[in-house]
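A, B, C and D are the chain letters, set down in written order, and residue numbers restart from 1 in every chain.
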Amino acid sequence: MLRRIDEALINQANHSLLNELEADYAALGDKLGRQNIDIEAITRSAAEFQIAVPSWGTGTGGTRFARFPGTGEPRNIFEKLEDCAVINELSGCTDSVSPHFPWDKVDDFSELKQTADEYGIKWVSVNSNTFQDQPGQEHSYKYGSLSNTSKEARELAIQHNLDCIGYGQQLGAKSLTVWVGDGSNHPGQQHFQRAFERYLASMEQIYKGLPDDWEMHIEHKMFEPAFYSTIIQDWGSNILAAMQLGPKCKSLVDLGHHAPNTNIEMIVSRLIQFKKLGGFHFNDSKYGDDDLDSGSLHPYQQFLIFNELVDAEYRKEEEFNPAYMLDQSHNVTDPAESLINSAIEVQRSFVKALLVNREALYGYQEDNDALMASLELKNAFNLDVSPILAMARYRKGAAINPLAVYRSSGYRSKMAELRPRDPNATGSGIV
Amino acid sequence: MLRRIDEALINQANHSLLNELEADYAALGDKLGRQNIDIEAITRSAAEFQIAVPSWGTGTGGTRFARFPGTGEPRNIFEKLEDCAVINELSGCTDSVSPHFPWDKVDDFSELKQTADEYGIKWVSVNSNTFQDQPGQEHSYKYGSLSNTSKEARELAIQHNLDCIGYGQQLGAKSLTVWVGDGSNHPGQQHFQRAFERYLASMEQIYKGLPDDWEMHIEHKMFEPAFYSTIIQDWGSNILAAMQLGPKCKSLVDLGHHAPNTNIEMIVSRLIQFKKLGGFHFNDSKYGDDDLDSGSLHPYQQFLIFNELVDAEYRKEEEFNPAYMLDQSHNVTDPAESLINSAIEVQRSFVKALLVNREALYGYQEDNDALMASLELKNAFNLDVSPILAMARYRKGAAINPLAVYRSSGYRSKMAELRPRDPNATGSGIV
Amino acid sequence: MLRRIDEALINQANHSLLNELEADYAALGDKLGRQNIDIEAITRSAAEFQIAVPSWGTGTGGTRFARFPGTGEPRNIFEKLEDCAVINELSGCTDSVSPHFPWDKVDDFSELKQTADEYGIKWVSVNSNTFQDQPGQEHSYKYGSLSNTSKEARELAIQHNLDCIGYGQQLGAKSLTVWVGDGSNHPGQQHFQRAFERYLASMEQIYKGLPDDWEMHIEHKMFEPAFYSTIIQDWGSNILAAMQLGPKCKSLVDLGHHAPNTNIEMIVSRLIQFKKLGGFHFNDSKYGDDDLDSGSLHPYQQFLIFNELVDAEYRKEEEFNPAYMLDQSHNVTDPAESLINSAIEVQRSFVKALLVNREALYGYQEDNDALMASLELKNAFNLDVSPILAMARYRKGAAINPLAVYRSSGYRSKMAELRPRDPNATGSGIV
Amino acid sequence: MLRRIDEALINQANHSLLNELEADYAALGDKLGRQNIDIEAITRSAAEFQIAVPSWGTGTGGTRFARFPGTGEPRNIFEKLEDCAVINELSGCTDSVSPHFPWDKVDDFSELKQTADEYGIKWVSVNSNTFQDQPGQEHSYKYGSLSNTSKEARELAIQHNLDCIGYGQQLGAKSLTVWVGDGSNHPGQQHFQRAFERYLASMEQIYKGLPDDWEMHIEHKMFEPAFYSTIIQDWGSNILAAMQLGPKCKSLVDLGHHAPNTNIEMIVSRLIQFKKLGGFHFNDSKYGDDDLDSGSLHPYQQFLIFNELVDAEYRKEEEFNPAYMLDQSHNVTDPAESLINSAIEVQRSFVKALLVNREALYGYQEDNDALMASLELKNAFNLDVSPILAMARYRKGAAINPLAVYRSSGYRSKMAELRPRDPNATGSGIV
């Protein structure tokens, strides 16, 4: 296996932390044992948990006001892949990458796939981009893509999505994620119903081009880039579109794409119930689509979402197989560091949700014992599962303390030398 | 026809205002004429517009902190009906009342219906109440009604809804509005999916009891009385439930029941498109379910909602026949005054929406001429249609200036004498 | 000391849990020791931490739609005090009660004080009530209290506050908390500036009546019961009023009284900086002033608030001595259980904030190492400090598992017998 | 006077509309006359009303996802000025421009001033830019400007602001507007208090450099570009900073910079009361800082803000002299068209607010006649004052229908020829 971080460096760092980890792990094992939870089973599940990294997340993000790039940023998909390998080698839980086209388009996809294979990285959901015009593009997306009143613009957007499927097939991906910025800034600018009908008609064309073993995921978003109305503004429009398009179309939840105060875990439950939960874009937010690090502001909300996911798994809910991905904008941190840490934070929520005694919870729910029900969740959340996460990493050769190893590796400063800034670099940092 | 306000009083007041009204009406007619709009056609439509009054809105509202009752409040459904008659006699646009049970339950519904008939008042959508326990109720709704884990509580709630249909049939109503406060205050308290399944199963029982020519309307609400999750929390859950229950079940939109920043007119469009718009509860709000007077804070939003409604009518959208109702809490005003004024404000939005040149608008939309499209709406909104509203009232014998007549009639102070406060008065002012 | 829960019951329950607690405590002590944190010092601080219980929180809360009372509810301040004693005996961290007048008014305050003394309960901040009319009240607060346009109503409200100070003096309290619901439901109803001027003039009268060693705390709230404008709508109006009134007047922060998305910990910092942080009403909320159990939804936000408080303490910030109180509405749980659990959740946030290495944090902040700074906080939050909290309770004779002891004590069912429902019971459950 | 739009074109267009305008104006005059309002006095006030155009608003705006530029966009301050002249010639109410540095920096400010003089355009508040790094900038603003932990970065930002004052003096401006994006994306990243202290210390340096007859305006904003905390996050921090800095420092209100549901008109009242209202950035928004066209979504809110302003004027409030400016991002319209229309929409709110009978309103407020008070405002808002606005334009030689004249002038297509796209164009379209 090709590696970007020296195994010896990891081993050495792990060696110095192992005794303490084992002590903490043993103590936690005892504690969980008293609750009849087998820590080893939990650690195995933790080790199996994987979440995809978005290729574009490896570059510094920005806002409409400014972007303050870091040094050593990746300038193309091969360099992004390199960073993704680093993230996976250290975190042990990010063995796949989600590409974005045309940003990540290459002439020879087999070469790209082979490189990824060598890193042990898989390709997952392919993202199309119809929210920007590309140089020389004949029909602009200024007034929309799949829902544009212009047939030519719509056809361009449809074809681009079909192309993305083709690229994805070459990479071994199995799903297409469709997010469009279509909408309006002025009351009256767009006829809501006609625009949605055009969107659905375009999506049907794309759906027809979907290979049999593929899924299509629709992403809703309340606002931005459109500031009055957005075509798929919420999970309601999302699921209605997915139902109309067919069984291979499902809904994708980005945590930052909802109205203030929305109960997102309840939306997750509804999508599970109606067999339409396709996947997630994990991040955190306080105001809008802030794309902050996952769990950095609302760790309990993230846990409650995983409570729904683990519960569905426990209940053996049908057609339940959501895709997990990070989708963040790293404006003030080293993107690799944020991605490593965020992947682990999502994994942390998953592991805590595993600790809930579901039968006890169901009992409290049945009895309307609201306080004990809430404590069944809260007690699991309050446990410090860091030793489980660290042990899972250790056992698969990743780092007990990934950020410390990353920093000591000097990876970023090496890259700063190897990757001088390129003004034509593609598509990093926008989410 | 039985009346509560002396016709002579109205005629006298109208007489003194008629000259000025005719001058304003003529000037507006000229102005509209230049846009090829026939003011007489608009005035006829205005005169036909009717919106229902909720029986419970005739009493002073309150909050969990306090209620400051006014004087002369109605103490039972006959007195509420009396106030509704006053409102309709003066406004000319509220010829129906929506009752709430058990608050408005009487022993002899034929007597109630006959009284209403004499006032020229029809009965529209019947509201069930499963958010409160009634004295001596055997199974509490504390932990839910239609979704309660207790079979007995669910059956009580189902039966109450079936009873409501029965009451409504005696009154000549044709629809049942179901709003439940079911939900939870703690993460974990309720299993989202199981609770929703119980709700749907209960609703199926009610749906089966629906007469052939009836509709059932589901009302969604983001929060309150439940503060963590609500069973029908938004239009997504609402329409999914309505779709599952069948063609006689539709969704009802209360303007104050959405997340902050929600584009409500877009939800209205979606419900029209999927043939599930059942009706409205009109009011206004700034923070939550504030139940303020319709159009008192966001008149342009109310206009944009009517823009969707008039557009659907114009496009002859199928299965489009929404019910209009006020649903407000009058904490600091005389409820009759607020209801008169609010009905007219809703009518105002309807009339302004009629003035939009739809073909011109469609053209701007097709051309992505965002500014002209927005101005096509805004210019209609900016017109002062007060003379049309006043003329429509005048021609049907209602008051040109309803509030002035109401005050000069001394109705409320007379009622203060006739209706001494009754601590056992039923169900005014909450919702 | 008078007790409501048998010490033997607590001791017996503690005895069976002690071994496990000691094991967990030792493991955590080792872990903290590696970070040079002395667990014993932390446990001592935990044991010293106290938060007041609001007298009215001991009854079941409700909404404007309904209240579903539990059994055995306290019917007067003596019975509320009894419940508060239970809460403190089990939690070990609620040794004071905050009364509310006129709800808790008694003829003989010395008797009330003596009873509290026997329970080891102190009286803290006195709350006035000018958001309700009392039976026979001559001038209504319907249109406001301290800011009413009616001089008579204002004077009534001023005098009530002065009376509250008098009651508090008899009980040994040292502060008055002023929350008013004054505001408006309609644009134009109130002249914003004149209303605020009347409020300030009234508050000056109250301020003059404040004993030298007392403080006055102003509580802001965005909305409810007023739904368009509220006189002290946010911390901006709050601090301006407090600055104008004088050094004995400070601002109080209720966590549920802010606009959606507000960064509350930043407001706490600003109030500390300007020496105007008077205290807190702790609770949690998702939508509005939901008054849910503290930390039940946003435990990390609660931690971040304590991060500011512990930081101010660490920096020896002047005039920093905030009062801590719970202020919750328990609609679906036994209030005593919620209060016990909430007090401990607040204590948990305090203890976690103590674990932050402040000098390390300052270093990261100075270096703009955003990720490490955020992890310095997150790592402290991720630690499970339950053993510290439990040990602090154990050592002072409270319960290792307070809820289990409470339930096994049968306290509530005994009260159900001793306290038959009284329709004239005063002021429980409204917050 | 130098002109960009041929006067003959305007005159010809006006000529064809004059008869109808005179008829509408006469009808409105009669109507107002009945209320004892002299339409001529109102029209004179309307004609005097002026609002500044932001130089950067003349280019197409964008989002972090994309910018879709239009044709013929201005490429430097001289071309922006040209567009501003067009806007003023047609609207008659935008006789000043607010520049932004370094975007609008020129070598010879006297030439720029002279050009503006020839167009009859004045220069108003100068905007500094410390939210972007300029090419070759030695110390980055990535982690803040005036509050940066780096002394060098702070000094750079201070000096830039002092430079801006110097540029403004050469142009005849009299105020400096300071908006900084400083804040943090992660809890812990920034020490709230220390950062605010650094900000205040930096601002003191700038304040010292302010000429005697200048003002400094602080702009608050809830979020963006910082997504966890912002240094001047709301009017509370804003006014505290302004009070600390001194009498020449005031607060500026941008309508899109508040938390959801905030009552902005109340904040305006508070700033007036405490003599700290410096000015406005007008725009409209639904979700965040959407920077949509003024009054395009919430025209009644805009009216209520002007109700406060006109009321302060009426009451001869001291130190009341706010600056009015548009601040919008035109992503899908021709910026000149949006600016023309928005200026008139703001003017419309001003004129409607003049029609309120203040003494009647005060009477209703004193009597707590909430409904009549609200109608006093609503009735003024419901009047169609378009004829007054059009007549004010006509009488000063501007266009009765400015957008029609603009389109018939072919200005933009001429510019498309004269202004080929320049990749080095400065600072259009970001707000």
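Keep in mind that, in the parts below, a contact is a pair of C-beta atoms (placed from the backbone, for glycine too) under 8 Å apart; a residue touches a chain by one contact, two chains touch by 3 or more.
Just so we're on the same page, UniProt names per chain: A, B, C, D = L-rhamnose catabolism isomerase.
Keep in mind that what you see is a predicted model, and the values were worked out from it rather than measured.
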Maximum centroid distance from chain C, chain identifier (CA atoms): D
Where chain A and chain C are represented by their mean Cα positions, the distance between them in whole Å: 39
Whole-Å gap separating chain A and chain B, where each centre is the average of the chain's CA atoms: 43
Multi-partner residues of chain C (at least 2 other chains): 142-143, 184-187, 189, 222-223, 228, 260-261, 263, 286-287, 293, 296-297, 300, 332-333, 368, 370-371, 374, 378
Touch-based graph of the chains, sorted into line, ring, star, complete or other: complete
Chain C residues within the chain D interface of the complex: 142-143, 149, 184-194, 196-197, 222-223, 228-229, 233-237, 239-240, 258-263, 265-267, 269-270, 272-274, 300, 304, 307-308, 311, 361-362, 364-368, 370-371, 373-374, 376-378
Chain C to chain A touching residues, read off their complex: 20, 23-24, 27, 30-31, 34, 260-261, 263, 286-287, 293, 296-300, 332-334, 337-338, 341, 348, 368, 370-372, 374-375, 378, 381-384, 386, 403
Complex interface listing, chain A residues touching chain D: 62-66, 68, 131-133, 140-143, 181, 184-187, 189, 222-225, 227-228, 260, 285-288, 290-293, 296-297, 331-333, 430
